[in-house]
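The following blocks contain the structures, represented as structure tokens.
Two complexes come next, and they have one chain in common, chain A, joined by chain B in the first and chain C in the second.
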Partner chain A sequence: MSHETNARDPGDVGPGFMDAAELTAREGIARYVIGFVLACALTAASFYVLNTSLIWGPGIPVALVVLAIAQMGVHLVFFLHITTAPDNTNNVLALAFGVLIVALVIGGSLWIMDHLNENMMPMHQMMQMQR
Partner chain B sequence: MSATDTSFDRATDPYRVGHGREWLSAGAGRGYVHATGHGEGGPASKRVIVGYGFWIFLLSDIVMFSAFFAAHAVLQTATAGGPSGRELFNWWSIVLQTFLLLVSSFTCGLSAVATEARSQLWTQLALLVTGLLGVGFLALEGRDFAGMVLQGAGPDRSAFLSSLFAVVGLHGLHVSAGLLWLGTMMAQIFVKGFRADILRRMVCFNLFWHALDIIWVALFTIVYLIGLGR
Partner chain C sequence: MFGKLTWQAIPWDQPIPLVAGSVVVLIVLAVLAWVVIKGYLPYLWREWITSVDHKRIGVMYTLLGAVMLLRGFIDAIMMRSQQAAAFRAAGYLPPEHYDQIFSAHGTIMIFFAAMPIVIGLMNFAVPLQLGVRDVAFPTLNSTSFWLTATGALLVNISLVIGEFARTGWLVYPPLSGLPYSPGVGVDYYLWALLISGVGTLMTGINFVTTILKIRAPGMSYLRMTIFCWTALAANLLIVAAFPILTATLAMLALDRYLDFHFFTNEAGGNMMMFINLIWAWGHPEVYILVLPAFGIFSEVISTFSGKPLFNYRSMVAATMFICLVSYMVWLHHFFTMGAGGNVNAFFGISTSIIAVGTGVKIYNWLFTMYGGRIRFATPMLWSMGFLVTFVIGGMTGVLLAVPPADFLLHNSLFLVAHFHNVIIGGVLFAAFAGITYWFPKAFGFKLDEGWGKIAFWLSLIGFYVVFMPLYVAGLLGMTRRLQHYDVAAWRPWVLVAGIGIIIMICAAACQVVQFVVSIRRRDELRDETGDPWDGRSLEWATASPPPPFNFAVLPDVRGEEPYWEIKRRAIETQQLSAEPKYEPIEMPRNSPTGFITAFFCTMTGFALIWHIWWMVGLGIVAAYAVFVWFAWRDVTEYSIPAEEVARFDRARRQAREQWLAQHAGQPA
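Now for the complex of A and B:
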């Protein structure tokens, strides 16, 4: 297996690789600790927001979604080591395409089904017609 | 500009993003540019290609999850007269599951650091803790599922519950598969040591486990927290 080395690639960095920054074990652990603390704080905030009167009721789902997106960002940066550095361009572009498809599928479904529900005949009228 | 110009940092900026293309065309003629895929840079190393390929798989997995999430978001109020999330969900079980998975993601990251340091003992310990936390997570989820089915709120009760069992169950299946993989990795590292091919599998496993936690963040927010509010 002479061709299989662990040498650093001069070009790109794969996702999840920590070698670009050449961290020591201590620095590597510190990075995971920072990510863990941030993720815990955001999770705790999510659970807190649910039962708070601090935020106007109908705004709570929006706050929850914002907190979730923030936490996903923390996971991507501190756990998956996705950065904005030029050697990560390919990873970020693939991620951007994934996010586009996810947004289209979820946003599109909610949008279409919401309009369908509005234009739907109420259930009791439908029952009467079937008699 | 000369193609052999070393005034930029090749390690962190191989493509010289934002510096125009003149440096590329200058180098392309003589075929001497260090960036991968350009000139004589050649394709990326196997390690980078494997990691990137697995990243593409994970993103496609997330796209599949998005369809399940969309179905659940649309059907969240379609309870057909059956119990809603507010009556079914066990608040403390959700909190506990969330933190079990978050801590397991953290210890999984520690196993990557230990692997980087080529420490057999710490890698095995970190993976073992990750696995035990994962088993705890699955046990809680299984208990919740069993409780709901016993209450007559199984996946056949309403469209809301069908989509709930589908999306949460799909995540649970992923965690189960991840646990099998984790056991395999522990055995392989123990028997074969830190060989190049084993290290590549370790990188992929780490990506997989962290991705599971990212999906859980979406899951506990959309299914449980927003579901509790409905």
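Now for the complex of A and C:
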């Protein structure tokens, strides 16, 4: 059963150590500044779409959700340094696991709570019985 | 000055809690006095209380769990004897006291017995099996332990000062809301769990980090033991689930303390949301307990069958499958709450599907045993008892997963029998298997096999005699948590369960005797080689008990069963590998941070329960000050000189060489 080899698994390295050495201070600061500008722009945009006629009225909440998700993306990439590089696999997996759990718990709760009165008598029938 | 706390908080008029409480206080005082008089206090403080060594913390966790297991077991004895007596009678426990007992039993058994033992065994074995020197954050580990101890302490203080919750172990509102539970019982529950929950969350983070980032050279993911894999899965579940528990209980605390309306009837609150959220934590919690248990059984069954685990990769896949699907089943705890057919069908089916993962594991264990040279040592007996018992418990679980059946069996003793069947048969048997298995590693001598086997057989028989009748009583319509009843058809089954609990008492006594006898006979039971069970994973590669640094030189892992291969090579060549070059080892310094933080957290929790606001402020500020003081420390590590490492490792190598010489000529 045992697979005895002398080679070590090359894909299995401690994550997070490489990118700190590769970036110069200047590049590091530039990354944060770009992130900051993007984050500000997205924040400003969400205030702007509230009172604009550019977007169809009922579409405004959808636009806000889109901007919020974009904001999260900016934070993850520019401030938390999530990349697709192999040394970031753990972080990406952790993020995916977290998103999945949050989606399951929130989505599931909404579905369950929405369904709770399914077996109740419709309201107008109940009113009739009370007469 | 002291908020709601007065002399009336002590139940002077109720003899049972008062006497029980006084006895416990006397025992604790006697132990403390003995420790002080014998002069053990400095030793305890230096070597145990302030220890950040994962092995010591693991032992302390397990000890805490064992003591709380005894406390929860006494509650169980009281419930079974009350029901045996209370047929068309009042029994000896008044309703308000009986309600506290079943609430305390559930709370203690899950949070302060099962969790500490499981976390304790993970603490002890995971770093050793990964071939490393400690966990990622040793001082955090110590703090986690002491915060758990804080929770246990608060629950036990409620025995003497005030009362405990009368609401069941998950404090459903509206019963746990202020209008229906005005006393301090629910507050004791809330603060004990909020504080110990932080500790558990920190453990989760610590172990996920350890397993993902700190492994011996060459220890790739698919070379880790199954116990490490199940520990990884369980700790991922902790990290994702415990925040839900903390948030839910915090919302209930806001309802009770600051007049919020999350779970009330008025002002738009919805108590169904509490039940939904608490089970979104509660079902993953079941797997937090049982996945490490599966890991222990995997180790034990493979070792005592003398074979590698059958189909290792499917075991890993099944573990991670259970880890994920355990988040998609929580509604099965409240099928009857009113959701329609679609929701109930979805969660019923997902519940049945999760049993497939467990089924894969059962077959893997069976095929590991098949064709193996099985040694029936105590840990193996617990594992085989588990296989049979857990399959029965799993089957009744799949039955309960069918919503129409659940509508009949919900809240009945059938349900009670089911979850005791899986938790006792799964988690508790694993705890005993794990303790017997790793005890020689932790203390350097084996536990007495004779008493261990008697304890096993009595536990197994006692379990069936208690819980099989409860299945029947449940099918006959007996609901859970009855203080008294007058249905003649239930009576015989309740009486049989009462006889069963007597067998369980004998089993518990045998366990205690096992420890006493083993400690007295420790010189005969000594494990010289560090490998008492002919083990396969890395924890057996070092001495028993292991030195603070675990391994003189970190092992170089080249296969799935690293220690087995080292051992085979040594037997084939009739010599150990060449002596390595020893280097000094840096180890984290002991720190009282965890103990002092937990002391102030206990103070804060107690003050919050009794509304002593100045003490709340004092406790929080002091706990934070300890953290700052720790963050500003200058020296974090101490160095163990190379000579000491060498001296230690040479002694171990000598013992191994002796063993080789004695077993010369053994087929490789």
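Assorted remarks:
Here, the second predicted complex is superposed on the first by the 86 of 131 C-alpha atoms of A that agree within 3 Å, B and C clash if a C-alpha of one lies under 4 Å from a C-alpha of the other, contacts with A are read in each partner's own complex, and residues count from 1 in each chain.
One rule holds in what follows: contacts are C-beta pairs under 8 Å (C-beta built on N, C-alpha and C of every residue); 3 or more make two chains touch, one makes a residue touch a chain.
Because the structure is a prediction, the values reported are computed rather than measured.
By the touch criterion defined above, A:113 reaches both chain B and chain C. Of the two partner chains, chain B is the only one touched by A:36; chain C is not.
By the touch criterion defined above, A:65 reaches chain B but does not reach chain C. After overlaying the two complexes on the shared chain, residue contacts for A:98 are found with chain B and with chain C alike.
Contact comparison for chain A: of chain B and chain C, B touches the greater number of residues. When the two structures are aligned on the shared chain, A:130 is found in touch with neither chain B nor chain C. Applying the stated contact rule after C-alpha superposition, one finds that A:90 touches each of chain B and chain C. Taken together, the two structures place residues 1, 3-6, 8-9, 12, 14-15, 90, 97-98, 101, 105, 108-109, 113 of chain A in contact with chain B in one case and with chain C in the other. Those residues of chain C whose C-beta lies close enough to touch chain A in the complex are 212-213, 217-218, 220-221, 236, 240, 244, 270, 272-273, 276-277, 280, 308-309, 312, 324, 327-328, 330-331, 337-343, 558-561, 564-565. Taken together, the chain B residues at the contact with chain A in this complex read 10-17, 34-37, 41, 44-52, 54-56, 59-60, 62-63, 66-67, 69-71, 73-74, 95, 98-99, 102-103, 105-106, 109-110, 112-114, 116-117, 195-197, 199, 203, 206-207, 210-211, 213-214, 217-218, 220-222, 225-226, 228-229. Chain contact summary for the complex, chain A toward chain B: residues 1, 3-20, 25, 28-29, 32-33, 35-36, 39-40, 43, 46-47, 50, 60-61, 64-65, 67-68, 71-72, 75-76, 79-80, 85-87, 89-91, 94-95, 97-98, 101-102, 105-106, 108-110, 113. Taken in their complex, chain A has these residues touching chain C: 1-6, 8-9, 12, 14-15, 90, 97-98, 100-101, 104-105, 108-109, 111-113, 115-120.
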